[in-house]
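So, here's a batch of structures to check.
Two complexes, one shared chain (chain A), two partners (chain B, chain C).
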Partner chain A sequence: MVRFKSRYLLCEVCVSNPSDLRLLDERAVFFAVKAAVSRAHGDYGTALIGMCFSVKYLNAHTGVVFLRCRKSHYRMLWSALPFISSLESRGQRVPCFFNCLHVGGTIRTCQKFLIRYNTQQLHRLLPRCRSDKERSEVRKAVLSCSLKVFRNDEEEDDEDWGGEEVAE
Partner chain B sequence: MAAFADLCISGTNDKKRLQSIIETAAHLGYSTVAINHLVEVQPKKQEIGKPKCVSELFDHFPIVQGRSRPIRVLNRLTLVVSDTSHFRQTADFKFYDIIAIYPKTEKVFHAACMSCDVDIICIAATEKQPFHFKRPPVFGAIERGVFFEISYAAAIKDSTMRRYTISNAISLMETCKGKNVIVSSGAEKPLELRGPYDIANLGLLFGLSEGDAKAAVSANCRAALLHGETRKTALGIIRTVKKSQPADEREDKEAPPSKKAKLDAM
Partner chain C sequence: MSDPGAVGGSVTYQRLVHKNSSGFHYMKVSLVFEKEGKRIDGAFFKQLIISALRNVYGEIGAAFPFDVLKFEEKSLTAVLRVYNSGLVKLWSALTLLGSYQNETCAVRVVQVLLPYQYTGGP
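Presenting the complex of A and B:
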């Protein structure tokens, strides 16, 4: 028996106002992507994508989304992503766009990439700290998280988010 | 791998908006962006005018995602030409890094491909292309190293525009077979930009192959930039740069006398 292979698209939802990210939920992303595919590729595309499309993970702090679909049709999904210009969530329209960061064959490679990417973001944001006190606070926050034995990527994300907020 | 570039960002007088567009572009991973100045060419004489100095925009240019260098910002001029006789090379061209032409008729398109000194020929995105792409001018343009540009911002905004953009792009690809094509944004707002990998994938909708689509956002853009740079040089070999006075004198002293004499003799 051969398993069905899938592709995981690791996307970042970019919005103009960072506080809008809190409004995100999986349903909103699911329907926005599905609508975009049906606009770009019609009924045929929607049928192919609909077979196994799901939103695997969503981080409302950093706006990171994992999309899963069949390996044979992932290009159809990917080529529809640039046409998304807003998300409908809790009765509000959030103007945004999807930026694809990584395409992986397993969810594990995507997680590894995300951890590396978030560390990079932290390095980008650290120089923006205005004073030494801020910087040391961010360092302390990061260290307090990473000392835990149980570690998953969610924590990694939280660190990044913490860094962002202090920088602002 | 060549770095990614977006050679068309709509220039506005709104400094804040321009800054946020450039910041978003840096976040997405573009190493080079060009600010577009659109000019409709009139039959009578007219002033194109100088572009604003790029260095006034930022104190520190934002760092490109995944690299350690700051983003490079250029100026680009797009001329909308509806008659061949209107296109005239003026002295203002030298203030711009890239010159693009948007031909309205087939005659202008032919002239732009075969003879005009431009780097980029824009393809209509907001209307149906009023003429067919013929083989001889397109091949002539490829021979000369002139690039065809498809902009995707209109396609993102509206469904009918998307149809026009895709059909125009595919009719171009039938003729040029995916060579010498660049894809750029033409964004007026930061939310109209898309990531370079997304655009490379969007190229598949435009009828490009995988390799050509990637080249359309990276290698071809670089080639177009270098083509623009050769305009400032003599035959692409010699370039003259004005130096500040004290630096000039120092160099004169440093140059060995024998070499100087040789130059004089020549």
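Presenting the complex of A and C:
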């Protein structure tokens, strides 16, 4: 079988004020990325990216974004991402930058990476806890997260997006 | 790229494959305006090409070096020098160039030369 191959870019939208993340929506990300590609790669790049570019998933709590693009031209999208300095949504301008965490061939590998990444982040957070209550909560989160990975491998479940909820 | 050589009265042909070792291509182009009598100097011509490149390939795509070696203001012809890697981009941007200061114009590529074919004349 022949199919159109894609690349999925797993990015993190970094903003200075965490409450600004609630303003994000897929349209804002879509147009910001498209404008960046247009500036960096001109009409040629915009046309190549426009064939198959879409924002697959956006988590407004953690700022995680999945971008999908044709495999043959994903480098153009990739190289344009660092030039995004702000997103415009609901009439407001949110200064931000895109941190590309992972580039994968399927959503599934990206999801696996994201769960692993979030677990790592929790492990990093654990020593920084100040009170016992915080510590126990992070511990609980780590445990529930690792349980999810275990279950994922058994069930081959593609729709389980539990990885991000843990990081909230 | 065959080189005829006469050996002992009979003509033999020798096949020469020339690898472009210098890495450059030379393009002879001419700028054609719809209305006659428009004047432009070399610096503006280069600026025109750069803006055309930027339109088509953006800031990253257009960031490659090329030179305007010669520009004749009378006949509006120029000789450009470009690295092999930028030839396709430069050529396509020249083809898509359509106007200069709201005047319709076009760039005709007269000749594309390899370094050893370029002798310095326009």
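In the analysis below, the second predicted complex is superposed on the first by the 135 of 168 C-alpha atoms of A that agree within 3 Å, B and C clash if a C-alpha of one lies under 4 Å from a C-alpha of the other, contacts with A are read in each partner's own complex, and residues count from 1 in each chain.
In this text, contacts are C-beta pairs under 8 Å (C-beta built on N, C-alpha and C of every residue); 3 or more make two chains touch, one makes a residue touch a chain.
If you're wondering where the values come from, they're calculated on a predicted model, not measured in any experiment.
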Using the superposition described at the top, determine whether chain B or chain C touches more residues of chain A. B
Between chain B (first) and chain C (second), which does A:Ser38 come into contact with in this model arrangement: first, second, both, or neither? second
Using the superposition on chain A described above, determine whether A:Ile115 touches chain B (first), chain C (second), both, or neither. neither
Just chain B (first), just chain C (second), both, or neither: which does A:Cys14 touch? first
Would you sort A:Cys96 into first (chain B), second (chain C), both or neither based on which partner it touches? first
First (chain B), second (chain C), both or neither: which does A:Arg124 touch? first
Scan A:Arg75 for contacts with chain B and chain C and give back first, second, both or neither. first
So, does A:Ser85 touch the first partner chain B, the second partner chain C, both, or neither? first
Interface residues of chain A shared by chain B and chain C, listed 39-40, 79
Chain B partner contacts - residues on chain A that touch it in the complex: 14, 16, 39-40, 75, 78-79, 81-83, 85, 95-101, 120, 124
Note: in the complex, chain A contacts chain C through residues 37-45, 79-80
Which residues, counting only chain B, touch chain A once they are in their complex? 20, 24, 27-28, 63, 65-66, 152, 155-157, 159, 162, 190-195, 197-199, 201-202, 204-205
Mind listing the chain C positions that touch chain A in their complex? 54-62
